[in-house]
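What follows is a pair of complexes built around chain A, which joins chain B in one and chain C in the other.
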Partner chain A sequence: MAWIKLDPITRRRFARFRKIKRGYYALLILLAAMVLSIFAPFLAESRALMVSYQGKWYFPTFSYVSMAAFQQTPPPGWQAVDLETDYFRLQREWRLERTLYERARAQTGSDAAALDAKYPNRGNYVVMPVIPWDPYQSDFWYNEILNDVGVLLKADDRIGAANLARRDHLDELADAIESGAIDDMLKDPTRSASGTLSGLAQGGTMPSLKDLTKTAPNPPDSHRAHYLGTDTQGRDVASRLLYGFRISIFFSLFLVIAGQVIGTFIGSLQGYFGGVFDIISQRAIEIIVSIPFLYVVIILAALIVPNFWMLLTIMALFQWIGITFYMRTEMYREKTKEYCLAAKSYGASHMRIIFRHLLPNCLTPLVTFTPFLVVGAIFSLTALDYLGYGLPAPTPSWGEMIDQALDAQNRTKLWLTFAPFTAITVTLLVVTFIGESVREAFDPKQYAKYE
Partner chain B sequence: MRRFASAIFFVCALFVGHGAAFAAASDADVAKLVKDAVPVALPPDIIWETNNEDPLIGSEKALRGGRLTVSMGSYPLTLRLMGPNNNDAFANWNQQFTSGFGLVSRHPNTDHFIPMMATHWSVQADQQTIYFKLDKDARFSDGHPITADDYVFTWRMMQSKFIVDPFYNSYAEQYLRSVDKIDDYTLRIVGTRRSWRPLADYAGLWPTPRHATVLDDTWVDRTTNQPQIAPGPYVISDMVRGESITFKRVPNWWGDKKRYFIGQYNFDEIQIRIIQQDRELDYLRRGELDLMQEASARNWAEGYNFPAIQNGWIRRTRAFVDQPSGVSGFIMNLEAPIFQNRDFRIAMAHLFNFDRLNRNVMFNAYFRKRSFFDGTEFANPNVKPYEFDPAKAREHLALAGYRRPSDIGGHGFWANVRNAARGLIFARSDSDDVLVNEKGEPARFTVNYSAKSLERHLTVIQQDFRRAGIDMRLQLLEPGTSFQRSLERKFEMVFQGMTSGLYPSPRQYLHSEYKKERNNNNFWGFGTQEVDDLIKTYEESMDADARRDALWRVDQIVHDEGIYIPFWDAPFQRLVYWDYLQFPESFLPRRTEAYMYWMVYWIDPAKRKALEEAMRDNRALPAKDVDVDYFHVRDKLQ
Partner chain C sequence: MSNTSKTPLLRVEGLKKYYPVRGGVFAAKVGDVRAVDDVSFTVAPGETLGLVGESGCGKSTLGRTIMRLEEPTAGHVYFEGNDIATANKSALFQLRREIQAVFQDPYSSLNPRMTIGEIVREPLVVHKVGSKAEQIEAVRALLETVGLTGEMLDRYPHEFSGGQRQRIGVARALALGPKLVIADEPVSALDVSVRSQILNLMVRLQRERNLAYIFISHDLSVVEHISDSIAIMYLGRIVEIGPAAEVFAKPAHPYTRVLMAAIPVADPDQRRTTEPLKGEPPSPVAPPPGCPFHPRCAYAIDACRAAVPPLEPVKAGAPNLELGREHLAACIRKHEI
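Right after this comes the complex of A and B.
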């Protein structure tokens, strides 16, 4: 608002806003969250922040590095040459090498040179973001790992099987495989009804395996870095929540700003010029208002794949109307005042009078309504996603998360419900606090006394 | 999707049964409808056929009596079986219980034709004229005998504009040249063309009570909520709008004396309650339902561990049945530039990891479809879907000219800055690892789908594709729109299912006559001379082996061309029911489309008493197997 010179009253209003602590802190929290969410790729990504490999540093957050660069073995059936590195696995593989190396070193009579050659990656390391998952990635580890270990066991690759288990922190299982105790466990029908590792996990005699062989959604688990659990496709809830916040808050901000700018412009012209222009444009607005906006979006979504900007444009076409009514009445009132006549008599152009002289005195409705419109916009995007007509799958979105949580089949998976509902409640609460405080700060009846 | 597809396309209308409504019939109306029925005579040397040797459909152990309570999702819009709104879930029940009784039927276990409304039939050498001897015992539910006039009337009614039903109008035109009465209990049907399956094509006609039907322009409105007079064992006895519909057994039903109805239709009363699908189990556990079908694999895997199940009071069974499953999977549009390359199509098939999906998203509950004609004798046993094999996919992609872009990861400074900036706005910044061909076009296409629940499967597939460098995008469309686009071939890939009958109809899908035009079921835009010839052989040859070999070859060609990635098959019914409900050894007949077909189960009062005692004493009943595969369907699929 640099182009508007703030008059002392407005400045006083901002000062008043700062004094209302609830709103002021809510604003700080929201701004902090927005800034943080811009940097979401550094907080939640499957790509590492940094990889140190043979003395060289890589920063793969925004670029593609293939498995070949780190000599990572590809998943079964794939070829390594040009697959993207699986950094989460890489981190665990290198960590495992360090562990094995140290264990071997501790044994007496170990040959240092041979060990160095055997564990070449022990000095390399990977720094992952706090949440090492991107919002699109399905993690089926819980259901798959025992199969993978079982395949190696069957091929009698005991060292490989034990290492695989140890890599993923299944130490109890790894010890059992290394000591050979696993054979007796699998043969014992009281421990494993089916004679397989899955049976062992389901039998419950090895408590560290109790979460395995479970199909997604899986509950929160810090070992696997799913701090809020996974959704029905095995995707990380925390990561989707973060990216969902980023999309919905920026979407609604862009939307509200676009809507308010257009609405203010049109409303001001209506109020300022009045007469025939006002009457005709009011009728036009009435026609647009009577179109149910949600249906229009749903119909359009059926015809085109809506992307971020397209959805924004469609929704902005309906967003600007609300504010025009208020700006129009404000202008009607202000244009009769003396300072407006004075500006006219000096020969100022219409545009200059409207935007330079009148608008700064009409800001109250604009400022007080905006935060509530943000709430509304977040809500409508969530609603559209919930209905499946928002941004296309697999875009992370709160609406889609709520949809999963409300599915009758997921009634018992509380983490699915908890995460998006808490997030949406907190966000809307924060924005509402801001809105209330702004309204209070701009209230002309500040000093009125009622007795 | 499936239901929707079948709603639009009646691929096979074998056992469609349809009723009519009763009203005071005036002779003039009837006369108008049958006036040009010219008497015809039987050929002198006629040889009658019948079949009373096949095994029973039901069980001789079945007990008559009791009341079965089941549920459906929504109250029907109409009780009519012709005319508007007659194709909802309720129509299935209504047909099975009241009017769906054709002249002959097909035995669900042996596929042989067996008598139903006619005791004998005779197919003439022209393969389109059939004579029928009607069952003289047959009666409508009002006691009126069923005669040849009632069949002629049905045919006339199908052609009538009064029924406002384009499907039956065109069905009558396409299939039936004439339906003639010879005497009260002898009928002749002439089909429109020579067919190697005349009984299947032309003998599905059912009787309509001519004496109680007035056909005029008020017929549709008048009969919308009228229960019908019908040849079947049940009539609708009670309706509570929005809550329930009750069928009551016809006293001394004529069919009770007939061999193939033994052990069928055992309940005195069947009540269908309107209950939301995800609440069915709650009602069943409260004892308000006797039987339900479980639609969700997740519930089946995780939801059945409550005490009543563990104690065997409530049973659940996954009964395997052998049903034609139609075409269901990813359909590629050969007119889309990206799918014109055969190697590219086959690479897509090799990247589809069904097993991983089944294990992790579908609870291992489903089976891979294998063929274009699954569940029929025309499925080529040597055709197996392409295995998940990224290495082979890579070879085919290389043949198709696709490779990783050469500048991958090697951007200039500004490109890196731009990439980072985009990364800060959107979740993923790059598409630089997507494969490109020589012209620099990325390997990118859009998949249309029409049910939100499919997102779970598609996003997982999407990740495998993306890892291989294929950018597969998803577009959820409203089912009608999605299907319309498929018909008009305005798509790149679509996930879609189409139903099939026992005799597949490949012409509509693969014949080149539909290739040039749009708005037909040839979604692929496929057509070659070889396949055209094979379809002609299949449709016209009188040699069963030649027909089978022709479709086996078509199956092979579809596979080799890679125009379709077959997805899942669910050849079973998942049923949950109280222990007193008894089933035959085979559980359901082999060809069972839905559990209300054939109705071979019954309530055993002794079992009910035992169950009540067990529940009172909190005692478990002996355990039973969950999976029943009497017909070895699973072996064929694994």
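Right after this comes the complex of A and C.
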């Protein structure tokens, strides 16, 4: 830390904090998670990280690219509409084309030039983020794939239907279409009661189609890259968890920082000036404290739909009070010291005395309380979201995820419960570890003995 | 030594500092603590006034009220003709350059979060004296003046001994080039071995820079060596004031005598001739009627309880209006005892 000039007391406290392994590693983990969450669009996003198309590289993470740019075929029935590229599908289409090309090349007597023309996309690549879903996107594949394959079958595009099934790893179905066995299956009422593909799936005689009969929420599924399953609206839980973390932690940090800055300022003035100002402002604070915070937020949320910054402002109006009491007493103690008198004697202004001379000596409660206030802020945002008075839907939020998980219909969908609860527990635990270690490192008793 | 031709640098007139005592229903004012009660004296340029008294007699409050770190209840403090007690904010800010303070506790008087350089430079920053480079150069020179080295700029107070810290305190007081330094018990927190070093430093600086000192102490033996004049305080009032040599040679007030007698003498065979002082000083909230010292005074008579005795010349003759030039005492029996 040589590039920052720290006074020896702070340096010693920082060294002590580093010695407390539990807190130090918890801080590293939290910082790493925060940095990762800042780069969330590169971790969980439905747009590709990189696309290599006809030898050129594209980076569409932050831009809209229509399907026409990569000559992607729109899903059946959507030909007339300008759609954004479905990169997750594009990746599978090109991968399939590569597989088919290699299979054809392996056959004896294949015509290289003809194959090159038939499979123009075999050299194109899509690199998706680890979680190829954004937090707002519903995955309707389960409901749509059999319908789409059925549309192509009805149009007698058997190769197209088989390729569509194979693209999405429904190999059993693709084989049945290619061999023509599918026609007999659909005609057999013991296999498909309604004579359709969804009837075939419901009949249960083709086990690989069984998942497709389910509706959201769906359990973890590696084929569709839903590593933690989907929620009641088919949105990816892992993606929502990550974006929910980003919102929770930054909301809490902003909230606590805003509250601490306001509270420190007011508490310092109270302690420094004392007297009538102190008495009157203390009474004013008592009035504010007696306003029930939750009711205010609920009433305001009923009148306006709060966005991120509005909710932050409302909550900050109640967040700053706690620290004023500590800063006030710290200032009362510190201002009687002779260095404060010395500063007055050469005419330093009140603000200069408070913020340049006294405040650096009053930071202990500020630093030791902050991590615990962050814990509290994360929890209160989650609680508000759970009650439905927090950030508006469809903002990814842990509170809303818990709300879904605790819904009576979803009692058996354990992935819905597991993800947000684990995330909240781990986050609060990590921040609490940091808070405990900071408190220990700032313990004044440590310096009472000679070193 | 005292030179009557000099005009006074500082003239204090009838200075009072009362603290209200509140109690009862709705914190009504029930009385006053008379910390400083009707104090007048003068200090000439380049001279030292020793201010002596027991703990709680108001000598520190007097020092702070002169600097207007405490708002005076009444009275005037003229510094080169300008009244500090009634000066407005900007005039007071300019006057602060002229009067600086050295404090008692070398541990709490230096901010532990600031380097020595920052501490000594701070007055220059507040008064916007010179550029940053010039300020740092000035700080380096100041540190060398008080017997430290310029390399110590970036070190923190905890790395220094009590004596060194007090030198830093002196350097800070000198930063703005004041004409008067109010030293509030600057050596009482120091080891005896270090005391004389700091006192010698202060005397040397006084000669070099023509500084005037108000040297507050509870220890007569310290004050004796460096003072031109001495004022003895008791319960917020000055009971005796005069040139140091005269006050020490012929103390006129019974309280001064008792204080003098309490100075230890390095001779085990010498017996005490004066009874040591008995009892505690009375409460400044309810001072005794008449002379505040009479309950503890061996010479008290009924007349002492009647009225507060005025400060009057000890020697008969034409009274010199220059306070501090002449030996004055507030005792009605000063000629008898």
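One rule holds in what follows: the second predicted complex is superposed on the first by the 414 of 451 C-alpha atoms of A that agree within 3 Å, B and C clash if a C-alpha of one lies under 4 Å from a C-alpha of the other, contacts with A are read in each partner's own complex, and residues count from 1 in each chain.
Just so we're on the same page, a residue touches a chain if its C-beta (ideal position, glycine included) is under 8 Å from a C-beta of that chain, and two chains touch if they have at least 3 such contacts.
All figures in this text were calculated on a predicted structure; none of them were measured in a lab.
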| item | value |
| --- | --- |
| Combined model on chain A: chain C and chain B, fit or clash | fit |
| First, second, both or neither for A:338, with chain B first and chain C second | second |
| First, second, both or neither for A:392, with chain B first and chain C second | first |
| Touching partner for A:140 - first (chain B), second (chain C), both, neither | first |
| Touched partner set for A:156, first chain B, second chain C, both or neither | neither |
| Chain A residues touched by each partner, larger count belonging to chain B or chain C | B |
| Partner chain in contact with A:62 - chain B first, chain C second, else both or neither | first |
| Which superposed partner A:360 touches (first chain B, second chain C, both, neither) | second |
| Which of chain B and chain C A:8 touches, first, second, both or neither | second |
| Shortest CA-CA distance in Å separating chain B from chain C in the superposed model | 36 |
| Residues of chain A at both interfaces, chain B in one complex, chain C in the other | none |
| Complex contact set, residues of chain A against chain C | 7-9, 337-339, 341-349, 352, 357, 360-361 |
| Complex contact set, residues of chain B against chain A | 278, 296, 298-299, 301-303, 356, 359-361, 363, 388-391, 394, 404, 408-409, 411, 416, 419-420, 423-430, 432-433, 446, 452, 455-456, 458-460, 462-463, 467-469, 473-478, 481 |
| Touching residues (chain side chain A, partner chain B) in the complex | 38-41, 61-66, 77-79, 82-84, 134-138, 140, 143-144, 147, 215-216, 232-234, 243, 246-247, 250, 302-303, 305, 308, 388-389, 392-396, 403, 408-409 |
| Residues on chain C engaged by chain A in the complex (per definition of touch) | 64, 67, 69, 92-93, 96-97, 99-101, 103-105, 108-115, 119, 122-123, 126-127, 156, 158, 169, 172, 175-176 |
